[in-house]
Structure formats: structure tokens, C-alpha cells
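Right after this note come the structures.
Okay, so subunit A shows up in both of these, paired with subunit B first and subunit C after.
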Partner chain A sequence: MNSVASKRLFQEYKHLTTDPPEGITAGPVNEDDLFLWEAMIQGPEGTPYEGGVFPAELKFPKDYPLMPPTMKFQCDIWHPNVYANGVVCISILHPPGDDPNHYEQASERWSPIQSVEKILISVMSMIAEPNDESPANVDAARMWRERRSEFDSRVKADVRKSLGL
Partner chain B sequence: MDSAYDVPDSTDWLNTPLAALADLENALHCQICKEFYDTPMITSCSHTFCSRCIRTSLSADGRCPACRASDQASKLRNNWQLQEVVSTFLAARPQAIQIARAERDNANNARKPGKRKRAVLDSDEIAEVEKGGRTTRSKSRRTEASQLSQQETIEVEDSEGDDDFEPEQPKDDGLVECPLGCGKRMKIEAVEPHLDRCEDEKEAEKRAKSRTPLGAFGGSRASPRQTPRPQDRISELNYSLLKEGAMRKKMDELGLPSFGSKQLMVRRHTEWVNLWNASCDSSRARSKRDLLHDLDTWERTQGGKAPTSSQGHAIMRKDFDGAGWANKNKDDFSRLIADARRKKNATPAEPASKSEGVEGMGSSATHPDENPMSDGTLPQASSSQQCSGNAHANPSESAELGAPTLSTNGMHGTSSNLDNPQSPIQQPSEPANGHLEKTISGNGGDRRRESQDYHLNSQDGKEPCELPSHVATSPLKKMPMFSIPHELSET
Partner chain C sequence: MAQTETSINIPQLLAVALVGFFAIRWYLNKPPPSSGGSNSSSGSSRGRAVDPAQVAQISAMFPQLDRRSIAWDLHRNGGNVAATSERILTGRGLDNPPPSYQPPLPAQPTEQRSSVAPSAAAGQPDLITRYGLQSRISDKGKEPVRNEEQKRSAWTSDKAARAEGLKKRREDMILEARRKMMEKDAGRA
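Up next, the complex of A and B:
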């Protein structure tokens, strides 16, 4: 079945496989279902996440690219913009239109011209620079704001744990 | 992997001596489908997309995907020059990529003398490809891909059954020509209503043509076989004015499937309008049968015949079924209520207003949509506790705060204060700062953890990061938590 969405997902898959951005790999979990992807993101250098590798799952709607996918980390990641269950809260993943709360510009939200690559790059920079304006994990946001050293050491401990060290 | 999925991509150029062409190829890609422009159309804001891509996108939210300027499908104009650039590039691409790859392989082999033989083989392969003879598997896939891409410039959609494509024989579609000779073809039933409008439409068309004279000539080279029959664009209907029966009739008139709810028919009609008009934009109009084939693909992937098990991909919609959601997550909600009750029982003294509050919570918890709102009211509730200690002194007032407007999240915060009638008396005796801190680190944190639980639950229910949870988190910005730390950080 060659729907618009699967054609585009395949195109993106090929592009990401042959020319992946640094520190990111992504692709369908199973090539029969292009609507479920797995991505690996390296912790950005110079941040407490450095050295970690964070697996995530991307689910695409049937009307992709009109609507954005959702992204969920498959590991523990202590971050102000990631819910406790791993779901990523970032403006590029929010459906097009205006934010009812006016926290985000419409231009920051999803648009069909975005891509998986841009999402993953955005998430990588989100990891490096949390946005505490509208946190998903409030406890993490508080710690990040008020007790940065505790935050850093907790993240580093998590990274070490995930690597089995 | 299905070889039909093997698509040309700009990354094909990387690692060849012509790597610079990757950027050129990217520039010739539509930003929506990430493929070569197919019938490029230019918007009012001067952005260019494939006809079908931009039409689908505009019917979804009426804005240009690149700059968010509002636009209408009727204002789109063909970008014939770009179309010609794309088709010329596509014609040259297969040869160019073969030469580039051969060059790369030569260079590789020169470095590894042991593989000299392979280079000879490669040039043989190219010769074979040029003759159209048998090739090795990898080569044939490459050429297949480039052939595929060439086809794609001609057709709006890459269709599975290429045999269906018979632009020269549109007569088999069971339509009749307009008796007034406007050249339009339609179903027999549609002739009667058409006769009334025929003259007007011809006038309108003439006017439209005279306004855009370039459109008629620009694409002549790209379309040597212009279809003789003119195709009129159709427009979306005023769906809100149509009842389900009338909508069904319209669908039948157009020869489209008319099953399903009105909503589904509206979506199907919109899709059809986009397909049809994209075909009109193209220099080669496609047969109705071909278009119906595409509509069927849509039906099977996104329409009425789409697999329904894919709830995991669901995204919050305007027509979100709040009651159904509450029903589905009843277990979670009742668990939260039970949790709340248990916590309540843990505190010894319990005024009557308490259980009232829990009832109120139960009813409001069944409306997840309300939670964000009530979350928003929380800061007010807690600030009134902080600022005016006598807010608690009046049980009816606090019950008002605690009951329907407050939800699961709110209950733990307020109820612990509510339960403790002494607190208003104790609190004023504490130093103001200490009290603030206590409310924040104690109750505030607790309440927030609860609100997080709520998000957690709502997301485990396969609605990740949907609007409500986002809305629910945003008001947190107003919470004392962030205004006070700034006081703390100053010290």
C-alpha cells in the first residue's frame, strides 16, 4: 500500500540512513510497518547527558506529514521536558495551529515541511538546553532551576547506570 | 524490502565525485513530500510545493506550511518553469548518477589494486544498462529507481497498476459530453443541472484564462500531448450546510463511494477535490479511473477502510470523545479516587466538607478535558491560602474551592488544608517566609506529583503528549513554585 504517508516515511528513512546527522540514528523498527520508528540519540557533548545513548520510539499518524508523530524515550531520562513515562514534550511535536496558551509561536509547532531529522535534532538540542517555561517533568525542572549540581549528578548517575557501569 | 519503495534520493550523490549535486537535487524537492516537484504550484506567499501536497495541506489548515501565511487553494498558480527544470534534471539524472558511481568505483579500485577486475565489470554493467539488457540485481534496482522517478513526474501519484493509466481513452468512464458543447464530461444525471450553469462557467473560465495567459503556454515543451478535453477544477462544498442525505447524493452524483458517516464523506470529498484539482493543474490530466484508484488508496490508508487498530497513532482532535475517554480510563480514575480516599483516611480528624469534596472530585475527574482548567485554578486557590489565612476559616468557601472546579490534582493540595481546621490558626503564627516555603515544598510538590500522575495515566492510555496534557502543564508556569524560587535564588 503506497499511501502518501508511507512514501514520505520511506523517503525520510533512506535519507537518514545514507546521511545521518551526527549522534543520531533512526529507522522503522520493522520494515513492514513504516509508522513505528526507533531512534537512538547520543547525549550532547558538554552536558551531563554526555556519553549516554537514549533510545526512543516514534509513532506516526496515518495522516503524516499533516500531523506530527509522537516521541517517547524507552529509557529513564531525567529531564524537565520529558514526562516520567518518557513522552517528549517539545513544540515541534505539537499539531499545527496556535497554542491556546500562547506559550509557543505557531512557527515553532509542527508543519508538514518539518521532518524526522529536524525533530531529532531539535530533541538533541532540547536535551542540551532544557526549556523550563512549560516543563513536563516539574520535579526535574525544579531541580534544574534550583539545585543544578544535584540535577547534573543525578543525570550522570542515570547515564552511568544505563551503560551498566 | 519491496523494490517499489526504492526511491531516488539526494544522498545517492554523496561519496561520488558529484557530491555537490546532492544540494541541487534537494532544492528540486518539494518540502512536503520530500520528493521531486510534481506539478509545482506557487502560493500567494511565493512558496512552491507539489500541487497535491499543497492542496492537501491547505485543506487541512488553510496556511502555507513554510511561512504560515493564510492562503487558498484557488490562488495557487502553476510554476511551469520549475516543472521544466525538474523534468530536465530527471531526464539527465540516470546517466549522471551512473557516471558518478562508475567514477567513484574506479577511484576506489585504483586505491585497492586487488579489485581491478570489478571496475571492468562495472563498465560492462553500464553498457548493458544502456542496451537495456540484463543487469546484476543491484544495478537493475538503481535503474528501476530512476525509471520510477521519471514516471513520477508524469503522474501525480506513483500508482501500483500502471496499466490503468490510459489518458488517451477517457471515453470508457460512462460519462456523456455536455450537449451545449462546452466539452465537459459528466454523468447523465448531472447534465440537467449543468445546462443551467454551462454558459456562466464558460464565461468564468474565459475570464480566468485571460487573467493568466502564461499558464496556457509555459508548459508546452513539457507536455507535447496536451489532453484536448479541458478539465474544470471543482471546489469544496459548503459542508456544514449539507445534511447527511444531501451529502450522500452529491457523492453519488460524482460517482464516488458514498458509504460511511457524513464526516467521513466530507473527508473523502475533500480528498477527491484535491486529487481532481491536482490533476487539472498538471499538464497531463489523468483519467477519472486513475484518480479513483488513488482515492481508493486513501480510503484504505486513512479513510473508511483504514485499519482501525491503529489507535496508538491517535492524535488529539477537536472532536475528542471526552465521555468515551472517561469510560475507557475508568479504572485509573477510580484508582486515583481510592488513593485520595486512602490519604484522607490517613489524616485523623475529618470535617464533613471533606467527603463532599471527594464526591466533587469524582465527578470532575470523569472529564479529563476539565483538568487543565482546574489545574489552572489551583494557583489561585493556593495563593489565597497563603495570602489570606482566613480563606480556610469559612468552610463553605473552601468547600466551594474544593468541589467541582477542583479535580484530582487539586484535591490533595486543598483537602489536606481543609481537613485541618486548625491550620488557619497555626499558620498566621508562623513567619511568613517559612509558611511560603512549607506550602511550596510540601503541598505544592505533592500536588504537582499528583498532577504528574494524571499526565502519566492519560499517557499510558495511548494519548501521549496530546493537547490536554500540554495545556495542563503550561499553567504550571504560574504556580508559586517558579515565582518563589526566584526569591530564594536572590538570597
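Up next, the complex of A and C:
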């Protein structure tokens, strides 16, 4: 409980509770284990995800904030940058340093000056604007690129289903 | 003088023997792949390659059969589709291929799997079930709309109260999303 990671996570939890960004709720599943969080992200307005709520699990490493957490959606989300199993692929969740493929700027990747809040906001904007340069879900990326109306209606159907409607 | 020379030569001899041993071993292991290297990718150096189209043809007739077994039978009878079909039809069945036999079959099974995967992943329960909110959606639309105060208040020093607050905010988020969606539907109807 006294480790740097726990202190920092507790601090972030407090901040996210008292001043949460619009459309985001996040906190530890159980305060006895600050390394496992659950976050809820609202689907951004003006996108097919609008109206949806997407739960995700965040797992923090023991050396947080030196290394980033991993994030996995706990619901069906059809998106080019989310693997079929729900794992999110976004540069802010990639370990610090330069990309060996020179694909991403070091500044886009994880560093201790980032935060859970920044991750969740980045994921929210990723939901709104998929990056189809390095898709995690190739089928979704292809549909997004080539058959946008089919993509949109599939996402909307998933959103309704997730709300039990 | 002579003594120093021999003491140098023994390790050298040993080294030469060792290098020679490995060189011979390497040479003896090398030939099979290198002799077939020029055309090993087609597989034609070892018997004949099975035409994937023939495998697909038989597989279309008998989809219950393992494609590897079909390929193995074709491989052994020299690509005779009629003979393989005859063999299956007469009920003799196909032999199981040895595990080392891995024909380069087209990716039909994987294709099926990838088209099945998204729908299999679609087995996630909805949020109402996941968070046990069934009891709270019965009085439809009657959920009190939370105000800004409630949304951003609540950092207490009590751990249980914090957990409770977080749970409530999560549930409210889902219920509010559902309520809005239903309102939208009602507005459209």
C-alpha cells in the first residue's frame, strides 16, 4: 500500500472522483487492489457509438507509472483499434521510448507524465476517430474504410444490445 | 625449444579435430535440405504435390472429412480424384496421415473461423445483466436524473462509501444511457 504505484493510483482515483472528465467514470474494482480498475466510457456524440456506455478493465503493472497499464473492453466493441478480445491498441498504452518501427513519436507513447485520465480521454477520441494505419481488428478496419454505412449500423446495433434494448 | 612447440601443438590439434568433427557433422546433416533446396517450396522433390483444387473438390463432396486425410490419400494415389472418391464411397474410409504430413492447404478452415469469431465474441452479456440492474429498469424512465452536484461530489474518507459512490456512478451512467436511448426511440415513434 505504501509503494509509489499505489500512492499514485490512489491519487489518480481521488482526482477522477472529484473532477471526472465528461463521460468517464473510473476507479479500482476493489480498493484493496489498486492495480485493477474498471472504467466506463461514454460513446462520443456524433459517432455511431453515441449513446453507448463501454466498460473496460485497466490492469496496472507493479512499476506503474514507469510502465503503462493494459486496457481491455469488457463488452463487444466493433472498432478498428480494438482486438476481437477487447484489448485496446493505442499509442499512449505502449511502453515508453521510441517505436522500433519509427511509426509513433516517443511523445505519443506512455510516459510517467501521462495519467489514467489522459488514457481514457485518448481512448474516447480514438473511438471517435479510428486510426486505420495499424488496425487491431482488420475486419472492422476494412468495413470502416469500405462499407461505412454497414459499419455504422453494426456499431449502433451493438450499442442498443448492450443497453438491453 | 622443441618442448614448447609440442605443448602448443596439442591444443591446436585438439582444436582442429573439434572443428573437423563439427564440419563433418554439419556436412552430413546438410545435404537433404540443400539438394532439394532449389524446388523444395513446391514440395515436388518428395513425390508429387497435391493440387489444392483437387482437395477442395473432394472436400466439397464430403465436407465431414478432414482435408489433411484427403490430401494424404491423393498424395499416395498420385492425385487420382476418382480413386479417392471411390474409396470414400465404398466405405473403406481414409487413412490418417502421419503427423509430419502437412500439405499446404488453402485457408478455408481459417476463413470460416475468422467469420465465426466476431459472432462468438458477441456472446457478452448486456450491461444490465452484467451489473445486475434488472430491478432498476422496471419503472421505465422514472430514474431520477442526477444533477451536476451528485456527479462530481463525493470524496469521503470512508472506503466503503467511496466504493458505493463509484458503483452508483457507474450504474447511473448505464441507466441514464438506456433512458436517453428509450427517449430517443419514443421521440422517433
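Keep this in mind: the second predicted complex is superposed on the first by the 165 of 165 C-alpha atoms of A that agree within 3 Å, B and C clash if a C-alpha of one lies under 4 Å from a C-alpha of the other, contacts with A are read in each partner's own complex, and residues count from 1 in each chain.
By definition in this document, a contact is a pair of C-beta atoms (placed from the backbone, for glycine too) under 8 Å apart; a residue touches a chain by one contact, two chains touch by 3 or more.
The structure displayed is predicted, hence computed values, not measured ones.
Judged by the number of subunit A residues each one touches, B leads among subunit B and subunit C.
Shared-chain residue A:A136: touches subunit B; no touch with subunit C. In the superposition on chain A, contact is made by A:E31 with both subunit B and subunit C. Of the two partner chains, subunit C is the only one touched by A:C75; subunit B is not. After overlaying the two complexes on the shared chain, residue contacts for A:S162 are found with subunit C alone; subunit B is out of touch.
Of the two partner chains placed by the overlay, only subunit B lies in contact with A:D63; subunit C stays clear of it. In the superposition on chain A, A:Y49 makes contact with neither subunit B nor subunit C. By the touch criterion defined above, A:W144 lies against neither subunit B nor subunit C after alignment on the C-alpha atoms of chain A. With the contact threshold set out at the top, residues 14, 18-19, 31, 84-85, 139 of subunit A are in contact with subunit B in one structure and with subunit C in the other.
Of all residues in subunit C, only 114, 117-118, 121-122, 124, 126-130, 137, 151-155, 159, 162-163, 165-166, 169-170, 173-174, 177-178, 180-182, 184-185 touch subunit A in the complex they form. Contacts from subunit A toward subunit B in the complex involve residues 1-8, 10-12, 14-15, 18-19, 31, 35, 59-63, 65-68, 70-72, 83-85, 87-89, 93-97, 100-101, 103, 106-107, 111-113, 115, 132-139, 142, 145-146.
On the subunit A side of its complex with subunit C, the touching residues are 14, 17-20, 25, 27, 30-31, 38, 40, 42, 51-53, 55, 74-76, 78, 84-85, 139, 158-165. Contact residues on subunit B toward subunit A in their complex (touch as defined above): 1, 4-5, 7, 9-12, 14, 31-35, 53, 56-57, 60-61, 63, 65-66, 68, 157-160, 297-298, 300-302, 306, 310, 312-316, 445, 448-449, 451-452, 455-456, 459-460, 464-465, 467, 469-471, 473-477, 481-482, 485, 488-489.
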